[in-house]
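For reference, chains read A, B, C and D in written order, and residue numbers begin at 1 within each chain.
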Amino acid sequence: MSGIVDLASDAGLSWLGGASSVAPRYDLLFAAMVLLCGTVALGVLVAIVAFSIRYRAGAGRGDAAAGRRTRAIEIAWTVTPLVIFIGLFVWAAHDFVALYRPPADALPVYVVAKQWMWKLQHRNGRREINELHVPLGQPVRLLMTSQDAIHSFFVPAFRLKQDVVPGRYTGLWFTATKLGEFRLFCAEYCGTEHSQMLGRIVVLPPAEYARWLGSGSEQPSLAQYGFARFRALGCSGCHDPASTVHAPSLEGLLGRTVHLQDGRTLVADENYVRDSILVPGKDVVAGFAPVMPSFAGQVSEEDIQALVAYLRSTGAPAPGDPQGARR
Amino acid sequence: MTAATAAAFVPADVAHDGRAAKLGMWIFLATELLFFGGLLVAYAYARTHWPEGFAIASRRTDVVLGTVNTGVLLTSSAVIAFAVACAEDPAQRRWTARALALTAVLGVVFLAVKGVEYAHEWREHLFPLAGFALADVAGAGLFFLLYFVMTGLHALHLLIGIAGVCVFAGATRIAKPWATAPRVEAMALYWHFVDVVWILLYPLLYLVERHA
Amino acid sequence: MKHACLRDHARALAVAWAALLALMLASLGSAYLRLGAGNAAVGLAIAVIKSAIVVWLFMRLRTSSATVRIVAATALATLLLLIGLASVDYATRPVEPAAYELPRQTPSLAGARPVQGAR
Amino acid sequence: MSSVAEATIDRVGDGSAAPAPSYLDDGHSLRSWLTTHDHKRIAILYAISITVFFFIGGLAATLIRLELATPAGDLVSHDTYNKLFTAHGVIMVWLFLIPSIPSVFGNFLVPLMIGARDLAFPRLNLLSWYLYVLGGLIVLVALALGGVDTGWTFYAPYSTMFSNSWVAVTLVGVFVVGFSSILTGLNFIVTVHTLRAPGLGWFKLPLFVWAHYATSVILVLATPVLAITTLLVVAERLLQIGVFDPAHGGDPLLFQHLFWFYSHPAVYIMVLPAMGVVSEIVPCFARKRIFGYRFMAYAILGIASIGFLVWGHHMFVSGQSLAASLVFSLLSFLVAIPSAIKVFNWTATLYKGSIRFDAPMLYALGFIGLFTVGGLTGLFVASLALDVHLTDTYFVVAHFHYIMVGGSVMAFFGALHFWWPKATGRLYPEVWGRIAAVLIFVGFNLTFFPQFLLGMRGMPRRYHAYPAEFHQLHMASSAGAVVLALGYLLPLFYFSYSLRSACRAGANPFGALGIEWQTRSPPPTHNFDRTPVVPEHVYDYAPPGPRPTRAPAAGAKAS
């Protein structure tokens, strides 16, 4: 197997940006397919163009009797593809089966996908959101499940993808072969903000990875978590500036003076946010219909704190991107 | 080939009537088989994953009424097969009409019994909704979901069958020209198919495991 | 002549009907035996035999044209393919159930869909 | 042999002296159209209705490409974007592509090609159209109420438990349209079995008829599985319990199995009739017998039957078992073989022909080229290890658009040009026809080839906003879509124009040999004035003599 990897690097395919042990084998097979299919496509194209020119009406080269005995040719171009296809199948299947055989020493990482974020937990309990730190050159095995719809863990640079299904675990393993940061996409359509369910894989040298893993049992920042909840609970569905639902924008809300429908004004603070989530009909902002449902029983105290922390972060003079991983 | 006399165009659709009706019905039944086939796949999945839940849930169905109904439907099939045999002989027109009417009556009996069963199951909270009696048995919800979907769709098909058979019974009785023997046979094919569906459902729903 | 023919016909139908009822009772009885996986197998086997009787005799596949037989065979084959190939997956898929948190839905504003019921 | 055809044409020419009214003139009231049992009129009804849906679906596509012209999701909201691509998929698949060639050209031509008076069940045929319109209207109602955001694939449990949109209504619409498909398929099968003209054996049938026969078999056997699946999804949404729901022990992958059991063969529902069209056009304009007729017929049956065995190749990374993936991958390679045979045979038909490049031929050649690319890229996604990376990316999007748009829609336009004179009795403007063909071919490649590159680089599908590194290729694709849209709009104008022009077509303007060309253009309601003559070989074309002359009836042709 390593022979194939070497072959791939020899073939000079590393410029394609593959960053896992799987990537060179994928790139090699892909290149072979491009070559094969390109040849066939080119052959058909050349034949069509050549025939079109040579046998155009008026050239007088037509012969109705030509090509009546077809059986031998037909059998030839039935059997040839058959043999080639079986070869391709075996090659692709061989590489595919390897994806189902994680090495015994692979580092386990637990992945929970939910709308629309990735939550990851390392062996020592360290958690990450939308980010995965892994050591260079060491196999990593992901055990993944979903809390809602089907998602898909897709790292293009690793040439790997696996759907994440609710109610069961699916697995994925890889060995990173390049340092750096690589994109993580959700590749299975999972609802409104599917295209925002992004993340990154950070490949560190083993020593640095060990340091990173040891340093932090610290959680992702509360504001970061709050942003994820803001989307997961569906707040952003209405309160996002781009939303079609007519709802007030919440950016920089905390500390702002709010005009209410009944003529009162108040300064938005934590309690106002809490009341608005749990008893939305109490203080309706002027100019907006009281359509927001109560989230009582659906959000925990921790969620509310996180949401407040997130809202506070949007009010800061230079808020920065709360999701470090995005863009 | 070239002896193309300028004959007026005679369409070929005069003699084909019987053949087309029967073939059309068979093809329609092929469709129906695959329609129930999707449910059979779902059933196969659920039963192999939750064998205990299916056994427990199946014991809550009414096997006596289910068996009686199976007998009713099998009998109706035999009766409509007799009607088809009669239909081929114009002299037996009355018998054809009677047999068709009896078939429809048996169909109605089946639906009535099925209704009684549903009523029992409603009282025993066996509909997989809020307050489902077997909520703590894994797989029982799936069983009863499939039970109601399968028997419900079967009953719907039977209802259509009863309507069709009634129409043919009346038409045969007053000797409508369109109620030809091949068409009666096509109608009967549908009826038999609905019967076959029930033959498959009977062991799958009522007889998962009755011992213990 | 025709009458005799019809009587023969009716007799054949009656025999088939009796066989069907007998098979039904056999299948009922088998459910009370302790056969394990055999319960399902026996139940299905009897159902297949009963269906075959209905299709072969009542639906007259026995005397039908080749076209009709091909239609019936194709339909059956397609059904078996559907079940068979799906079973390839189910028979060989490792089952690794994961705890599944019940979804907590925000109520719909559009009203397109009922609020998640208690589950 | 060709003398037979010429003799026929002459006789028809004589016959038209005492004409019964053509099917178009047989009643002009709206009522006469809406209650017609005539397969030709029903075909026209279908043509009008699918054109409406084509442009609604095309509008959605336009908005999608506009949104994707920039990386940020700035034109429409997430939710709107998701509803747009869902509407595009649902409308294009079920309301345009699946009924396109079968319900329009199949309806019009199958009875004519086999020398029949009508389909076997004319009233059922009209019912099919009404069901189609009803289903289409239900889908439009769902759109008007706010749309669906599940994607055309309706994957559970998103569709059953999480989507807050009009899933159930849309699925009811799909269910009804499915019924329409089933009835059309049933009608075609019975027609081909029972109504062939005397002497017209199975291996004398045009490949167009073979293709529609095979398509009908798929319609009849696959559509019911979709129907039951949609019912199960609707039930699950209403009852909050279902077989796809993991919370109650169901399996989300079961939905995918059932869905793709229909939807993969559905690809062949879309492309087999297109192959039938191309098999009629290529020999006619190459003036050459089709290469390997019997193999072509077997290949059609092969595609239709193996097409049922490969659905699991949509599920290689879904969590289905390794063994299942291996089986489905191998079978998927097998289905490529008959497709390859067809491409080779069309190409070989050109050999030693005498090729004219009228608009239908340009579309047919375009089909062969685009279908070849679409088919070959299918091998990439059938390869297990490659599919892991490529699935759910733009590579797949490009691949199936090459098959369905590059293939089926090209063939649809080819058929439209080829049989336009037969259906309307008018000639379309040849120059404009050629311009549109080239425009569509170029625009299509500009739109979709960049998407292969996007997919190779890992751009996932169904993304409303995307990282900046994909911008250039998306720009290129959106720019190409402008050309493509122009190409699709152009025929709308010149076909409308040709209806009012005086440029009348003879019975057989292209000198084609199918039985449908033996009758007048447009045909009379009862299809034939004289019993049609069954030719010895359906594709017995011969090049014209040493001096290039057109076939006799082509004299009226202006180009």
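Convention: a contact is a pair of C-beta atoms (placed from the backbone, for glycine too) under 8 Å apart; a residue touches a chain by one contact, two chains touch by 3 or more.
Since this is a predicted model, take the numbers as computed values, not measurements.
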**OP:** Averaging only over C-alpha atoms, locate the centres of chain C and chain D and give their separation in whole Å.
**Re:** 34
Subject >> Cα-centroid distance, chain A relative to chain B, in whole angstrom >> reply: 48
Subject >> Averaged-CA centre spacing for the pair chain C and chain A, given as whole angstrom >> reply: 42
Subject >> Sequence positions of chain C contacting 2 or more other chains >> reply: 67, 74-75, 78, 82, 86, 90, 95, 100, 103, 109, 117
**OP:** Could you list the positions in chain A whose residues touch two or more of the other chains?
**Re:** 148, 166-168, 170, 237
Original post:
Touching two or more other chains, which residues of chain D qualify?
Top reply: 161-163, 193, 221, 225, 241, 246-247, 251, 253-254, 257, 261, 319, 322
Original post:
How would one label the connectivity among the chains shown: line, ring, star, complete, or other?
Top reply: other
Original post:
For this entry, which pairs of chains touch?
Top reply: A-C, A-D, B-C, B-D, C-D
Original post:
So in the complex, which bits of chain D are touching chain B?
Top reply: 4, 7-8, 11, 15, 115-118, 120-121, 182, 186-187, 189-190, 193-198, 220-225, 227-229, 231-232, 235, 239, 241-243, 248-251, 254, 257-258, 261, 526-533, 536
Original post:
Which residues, counting only chain A, touch chain D once they are in their complex?
Top reply: 25-26, 29-30, 33, 37, 40-41, 44-45, 47-48, 51-52, 55-64, 66-68, 70, 73-74, 77-78, 81-82, 85-86, 88-89, 91-97, 99-100, 115, 148-150, 152, 154, 156-157, 159-163, 165-168, 170, 183, 185-196, 198, 237, 240, 242-244, 327
Original post:
Quick one: in the complex, what on chain C touches chain A?
Top reply: 95-101, 103-104, 106-107, 109
**OP:** Can you check the complex and tell me which residues of chain C touch chain B?
**Re:** 2, 6, 9-10, 13-14, 16-17, 20-21, 24-25, 27-28, 30-34, 39-40, 43-44, 46-47, 50-51, 54-55, 57-60, 64-65, 67-68, 71-72, 74-76, 78-79, 82-83, 86-87, 90, 95, 117-118
Subject >> chain B residues within the chain D interface of the complex >> reply: 1-2, 4, 6-13, 16, 19-20, 23-24, 27-28, 30-39, 41-42, 45-46, 49-50, 53, 128-129, 138-139, 141-142, 145-146, 149
